[in-house]
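In the two complexes below, subunit A is the common chain; its partner is subunit B in one and subunit C in the other.
Entry: the complex of A and B
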């Protein structure tokens, strides 16, 4: 166990270290022109040491230094009450709730569509092209319209954002589940036929369990993409709350540190969500007698 | 071109229902499967394939019929037609006096595929219970029947195991148990022991005969092995390919009680010889 853990920790840490180093270098080179400019205007020379120090501590840097982002993250998560509008945890929760709702609706919708497609020739022919076409529309263009239209009919808050998540997340589920529900071998299907099993019996006793691994794989993609959907859905809401709002206000006021910390929060959230789905998969597959 | 090497068993007191003791009818038993001029042509990209051509077949209740023949002679296809998994393109076939589809809807047969075809997410007992669940047996009866069928194939103690935890032979036995769990009086078996080693195969052959004697099922059994066919069957159907057809039907003269040693007897070797001759005759069309 220990050896295994070490075996993975060392390379991961090495990669992280390299990334941080490159990041610091980038911070210096991207922020240096501004400092040189300032110095030139003030009509004085700037030494390298001072330049380095100043590039790492700008208030609105082009690229904030890692420690700046870290301090901001710490400050807005640990040092603020979670109910506060200035708490990143609060904003993350706003986004997360829309993500989860959208993911749940999207998964259910995807499963229902897949079941329909697998069982109905007409649906197979007619629905799949639309499902694919839906994903070629740029979500950034559609999201504001969905929000505006839903607002007009009196829907606001969580649901419109969740629906954008749904719009993105049902797609991998449909594709994965169609494949999964069609994955049983001919011989397994023949067996059901010899028993004179009904279609719903074949679905629940054969197709569904056979599709389970496919479902989890597509749910991993779907949950990550749901988060993207929720964030995109927050952009046109007038920046009220949520990680998307943090990104938007951050960019209005040039608060790059805020943008970056929101980005990190989003990434961490996505990683957690995918991990939770992965854990659920491991548990379910174990209960289904998967070979360890 | 059917011939017969003597009558089989004297038709003793014929059992009216399944499970009615050892008295079993050979010839003259009520017909369970009857095919006339059965043909099946697969339309493939490389043109039509004559998988079955003008096959006549009569199988009586309680018979053990083996189908033997070279690869591609339509054995599987014939079994699948009987089971309504494939539609014939010509001729007629009746199973239990009705069309195969009706027989399938009546759940008249259990089918053992060449591969065990167990569902990997079900334990052995749940695999065996699958047809019972589908056919709506009550939970208590399900349990009882699962136990009984696992017992029949000597798999007691492996109920909670998953298929991958069992050897190939055990998996195949589980799939036989699954076909035995419900009251189908016809058992269709497609090379069920094809992938097993000789010793396991002998053992399973013995068990299958024992089971047949106990349950009075009608068994259609596909095999590539001449000794296996002769050892098990009351009747051997020899088939040949291109087009797939029946070239010989041999009635076994062996007694019903068949210890493994019977395979060294003269009678056994004579029947085996005839089967081999039949196979050779079919083969000479090729190459």
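Entry: the complex of A and C
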């Protein structure tokens, strides 16, 4: 028992349980006014038991109860065909494909920029400050415009959303890789010099392996942020598919349960993506001979 | 197509590139010239970007609905200062600042509160790390539903977005003080609060400022995106989405410029405060 409490599982479970309890309490208190109002209009008293029951099962609650959200999640993932427009899996896939495309482009771009920055002093001095400044532009806020503009020149569908993800995800990769590619110690770089290694040999045989742990750490950040980019990219243009579109239609029609289930789907997706990158990291690092 | 403009822009780019290559090779004679060099190089690069943008949009006659040249954006910016100021006040001065201080303050206080309970720490920190990776921006429609259309709902989104990075970073920072220093505090017979105030909080400052810096950009994004879900007829997010609809792209870019400027200044103020507060840290002393 003591060993269990020392680990992480029990504390996390306890905190999650408390959160669920608070959530149920919140559901009751936030939804109760509506039910009391309804009862008052019908000119009757409402008993506590009935009130409790009704607040947990409203059609458009202010705050849906956890079980409502999970019923909706189950309903829209398992009980619907994956190709159906009403299936959350379908919407998640739309978002996921944009996320992955953007993430791939962003990572590649970030690595290229980092290699350039490490090898060229002028690039280091001139590009790096602007890479940092580029992130103070609230690109998420600009996303709608970029999508509208790209639509106007005939680019539509996956790519515009992916470009938002790219813009967000290249930044952590650049910063992490510049740090990683510079992480070999001077003594190792000197050794490469004594071998008369060329710059590209130094890059592939020394800098790149040294930067791998940094790459994976930044990729974890990048993949999470690129999902955010894809979701926000779906908000403005009245996108018809994707988790962002589910959020937007949910908010237009007051379908709170739909909003919450889309949110949980997005959360699950983010968790899975980060986990996949983490798994890849463990496998690659083990192949590279890292001792746990 | 106007070839002269395009060629001119390309030529400017080449010259600027050569100038930068030459600049970085100079051995600065003193700290002052080194400073000037490190400012001049990125500045020249930025100017080059603007020149290429201007030259290409004008040279290729790109319709201003797609991408207006910087000069048009500047003209628009200057001519609509009152609108921009009103939007800035609504989004930045009300929603962002209120949410930022509340969210960061709450994260900090909660981190201090759970500091004495290892159980809560082990329970909350993994969750905090997890939540930091989630697309929190998605709660925007819910917050708009709960707190109404005005700035309070945007501030609420910002609070939730900034809370978790602050919580996680402050907790990590409080664990950062070395054992030697803590033992020293014990030999002085200092109590929990004395150790906290005199040793552990100062040691945590770099972590706390890291969170403050991350949050400064998050806060602006959160407030602007939340405005897409409903807002009174003022605000930066509102202006961007409506002007896109009316195809006034130069106004959108002007709004973006204001947002970028506000974001950079915000970040800069936090970074300067960090330099002043954590003057003892190697990363500040060294550079």
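Everything that follows uses one rule, which is that the second predicted complex is superposed on the first by the 280 of 292 C-alpha atoms of A that agree within 3 Å, B and C clash if a C-alpha of one lies under 4 Å from a C-alpha of the other, contacts with A are read in each partner's own complex, and residues count from 1 in each chain.
One rule holds for everything that comes next: contacts are C-beta pairs under 8 Å (C-beta built on N, C-alpha and C of every residue); 3 or more make two chains touch, one makes a residue touch a chain.
Remember, it's a predicted structure, so these values are computed and weren't measured experimentally.
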item: First, second, both or neither for A:190, with subunit B first and subunit C second; value: first
item: Touching partner for A:145 - first (subunit B), second (subunit C), both, neither; value: second
item: Dominant contact partner of subunit A by residue count, subunit C or subunit B; value: C
item: Contacts of A:262 with subunit B and subunit C, given as first, second, both or neither; value: second
item: Which of subunit B and subunit C A:8 touches, first, second, both or neither; value: second
item: Subunit B versus subunit C as contact partner of A:156, first or second or both or neither; value: neither
item: Partner chain(s) touched by A:231 [first = subunit B, second = subunit C, both, neither]; value: second
item: Contacting residues of subunit C [partner subunit A, same complex]; value: 17, 20-21, 23-25, 37-38, 41-42, 44-46, 49, 65-67, 119-124, 126-127, 130, 133-135, 137-139, 141-142, 144-146, 217, 220-221, 224-225, 228-230, 236-237, 240-241, 244, 249, 252, 256, 259-260, 263-264, 266-267
item: Residues of subunit A defined as touching subunit C within the complex; value: 5, 7-8, 10-16, 30, 62, 121-122, 124-130, 133, 135-142, 144-145, 148-149, 152-153, 220-221, 224, 227-228, 231-232, 235-236, 243, 247-248, 250-251, 254, 256, 259-260, 262-263, 266-267, 270-271, 274
item: Footprint of subunit B on subunit A - complex, ascending; value: 185, 187-188, 190-197, 201, 205-206, 209, 212, 288-291
item: In the complex with subunit A, residue positions of subunit B that touch it; value: 83-85, 104-105, 107, 109-111, 113, 115, 117, 119-123, 130-131, 133-135, 162, 164
